[in-house]
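Each chain carries a letter (A, B, C, D, E and F) given by its place in the written order, and its residues are counted from 1.
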Amino acid sequence: MNAAAADGTRGSGTQAPIEYEDASAEVRAVYDDIMATRKSDWVNNYWKVLAHHPPTLRRMWANSKEVMGPGALDPLTKELIYLAVSVTNGCRYCIASHGAAARNKGLTPEQHAELVAIIGLANETNAQAVALNLQIDDKFR
Amino acid sequence: MNAAAADGTRGSGTQAPIEYEDASAEVRAVYDDIMATRKSDWVNNYWKVLAHHPPTLRRMWANSKEVMGPGALDPLTKELIYLAVSVTNGCRYCIASHGAAARNKGLTPEQHAELVAIIGLANETNAQAVALNLQIDDKFR
Amino acid sequence: MNAAAADGTRGSGTQAPIEYEDASAEVRAVYDDIMATRKSDWVNNYWKVLAHHPPTLRRMWANSKEVMGPGALDPLTKELIYLAVSVTNGCRYCIASHGAAARNKGLTPEQHAELVAIIGLANETNAQAVALNLQIDDKFR
Amino acid sequence: MNAAAADGTRGSGTQAPIEYEDASAEVRAVYDDIMATRKSDWVNNYWKVLAHHPPTLRRMWANSKEVMGPGALDPLTKELIYLAVSVTNGCRYCIASHGAAARNKGLTPEQHAELVAIIGLANETNAQAVALNLQIDDKFR
Amino acid sequence: MNAAAADGTRGSGTQAPIEYEDASAEVRAVYDDIMATRKSDWVNNYWKVLAHHPPTLRRMWANSKEVMGPGALDPLTKELIYLAVSVTNGCRYCIASHGAAARNKGLTPEQHAELVAIIGLANETNAQAVALNLQIDDKFR
Amino acid sequence: MNAAAADGTRGSGTQAPIEYEDASAEVRAVYDDIMATRKSDWVNNYWKVLAHHPPTLRRMWANSKEVMGPGALDPLTKELIYLAVSVTNGCRYCIASHGAAARNKGLTPEQHAELVAIIGLANETNAQAVALNLQIDDKFR
């Protein structure tokens, strides 16, 4: 990505996704586990761009599998928490990818409307609480 | 709150909570509805500071009651979404108050640990997705 | 928006705006009030997408009308406050829509340049104050 | 601030404010201009901590004087824009200091309540606009 | 940018970059200094849009030259700090422009991968620290 | 942490740090590795609170060791990147802990002043770039 251009700039920093057929064995092993875990036949761009640095690809997949895998919270709730963070951070890619994941896990349009309403309200009251320098109630300490 | 001080500053902007016994009938009516809705005998500081501007108190309670009330998402899930936003925004008051609400609605320590892990992971991958300028996969469009 | 695709994804989560001619009577009533209040003959996408969930459409319009309507701050100042928040949050839609609203309310290019300068400076000094862990002066408490 | 402690840590990074009587001539010149410009007899902690690095102190005061000085927007409006950013970023010091400045410039409790309401609403609708991936209306382009 | 449209909107607020050949002598002087300082033959859009308000153009270039110029931190490190902030704020323009600057200053793909990993990890642990309401260790005070 | 209180609240959600002497063998093994890796004789609160959920403690330490360990960027630069993110997110704990780490790795007061100046400038120009809806220059694409 870094061939020096004639005018002194060094090209774009945006990296192309690495497709399965172009991937090393090390990277393919992660892709295979992603697809097997998700019972899917493809891998999304997040992983295919991380693949430029295999240690990060491996590390992030291990984290994701552990954190988003089966546990005390159900899979759809986990996606809604993820979406609430992603919206608050304004991450369009993450909203698109985890929105799709949530729909695959059963999110209904009615639930989505409530999710958006809660995210909105929380952002509103967060700002009010900060603006008003609210003291934490003793019962909450 | 705004008496001019001798040195030219005009005092703190932090407003004291308005207690029930000092509240107008209009404000008491909102406090009464908050307590009745929550089956509780007290009101937390957020509402008692908003009470300095009764139209805002009324408006925010109506919003909160509608958005956080019964719907397509269960009450605990709603609180977890709220917490995910509040943590991402760094609102200490909101984390304290909605953390208490979540525990009252049954949040277990194990679920709390998973919540924190997901919020952390989402903030991490959000930043990575932005840093890498990820293009949204066609399947997500 | 949620028909399951053959490959297991469930389509995009992005909802099309609901145009007036396709809207229910309930939704049209809100659109009518928006246009009458704004003395305008059209409604922007924010409302037309919220219209997929009429209770949210109604609620948000009531909030907006109350908060942004006539009060102690003049209409242009209200828009500048809105813009300062929207820029800080990086909301492109909100900057576009409230930028237009501000220009309609008389924002001049000179004022706009000052607005951008203040927003920039505030974001800078906010970061410095946090980095330096500044203690709040007694006179500000 | 950095004397190595016996246990291997190197003390706190928090720097004490530099008072006028302990300041160099270079720093005093800035403090004098701050006080003269503000028609005040004291300087707040932001400047007294920046004073550890005189070039930054000089630079930031020059910026602040230019951006917040007389212009196309009135002084109170400038402070409200500053506050809207500071609340959205959650900067407690900045909210305290610019809240005091706004009150000195005439902010009334009613205006303050409207300011908080607008900041809250903007944070709410920003999040909704992002969550819904709103397309910018042609009229706003 | 503000010609009133027939339908009551007032056009887009987006300003076109001012090219060198269309610039005033005052603006050209800043462009010339930018190019000389950077040993480059062009100026990027940030400066060409700021040029609509020459005092801001001059002020920001003076700031940038002072802060990003030679000092105690090496030039590449300065760009990495800039990038870490820009990613956390989600500023696409800033990531593109300072990413190019970092590559020109020698950033390698391996270093870039580490940068992204650190930014991600920091955003994750920041959120966890806030969620857990961590008390600052005495040794850090 | 969750014993139901008589008044219906369920105590604070803040968890006490788990000290070495109270820790399980599994947790002690992580503490031991933290201290050995850092050549230190103590562990800070972040790890001692994460210890309430040993899988998260193990996972985060493995991540931190990999990301912050030896690599293509020097240890001090890594801490400065971490600090830039932490300041931008307003995480006081993280600023305190990584500020101490940076000082231990040789950060000088002069370098710290430059760090703060760059973080401030980046936050300022990020906001300006967003406010002005800057188009990315072709040379940066």
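Keep in mind that, in the parts below, contacts are C-beta pairs under 8 Å (C-beta built on N, C-alpha and C of every residue); 3 or more make two chains touch, one makes a residue touch a chain.
Treat the numbers as computed from the prediction; the structure is a model and nothing was measured.
Engineer: Would you mind working out whether chain D and chain F touch using mostly the same residue numbers, over half shared, or mostly different ones?
Structural biologist: different
Engineer: When contacts are scored as defined above, which chain pair ends up with more C-beta pairs, A-C or A-F?
Structural biologist: Of A-C and A-F, more C-beta pairs in contact link A-C.
Engineer: Measure off the straight-line distance from the CA centroid of chain B to the CA centroid of chain E, and report it in whole Å.
Structural biologist: 33
Engineer: Report the inter-centroid distance (CA atoms only) between chain B and chain C in whole Å.
Structural biologist: The computed centroid separation for chain B versus chain C comes out at 20 Å.
Engineer: Would you mind pulling out the distance in Å between where the CA atoms of chain A average out and where those of chain E do?
Structural biologist: Roughly 25 Å separates the two chain centres.
Engineer: Of all residues in chain F, which are in touch with two or more distinct other chains?
Structural biologist: 7, 9, 12-14, 42, 63, 85, 87-92, 95-96, 99-100, 108, 110, 113, 115-117, 119, 121-128, 130, 132-133, 139-141
Engineer: Spell out the part of chain F that touches chain B in their complex, as residue ranges.
Structural biologist: 1-2, 7-13, 52-53, 56, 85, 89-91
Engineer: What part of chain A is in contact with chain C in the complex they form?
Structural biologist: Where chain A meets chain C, its residues are 39-42, 90, 95-96, 99-100, 103-104, 108-110, 112-113, 116-117, 127.
Engineer: Which bits of chain B are touching chain C when the two form their complex?
Structural biologist: Touching chain C: residues 5, 7, 9, 12, 14, 55, 59, 63, 66, 139-141 of chain B.
Engineer: Enumerate the contact residues on chain E facing chain B in the complex.
Structural biologist: Residues in contact with chain B: 83, 87-88, 90, 92, 95-96, 115-116, 119-128, 130-133.
Engineer: Which residues of chain F touch chain E in the complex?
Structural biologist: 13-15, 17, 42, 44-46, 49-50, 60, 63-64, 67-68, 71-73, 77-78, 80-82, 84-89, 91-94, 96-100, 108, 110-111, 113-115, 117-119, 121-130, 132-137, 139-141
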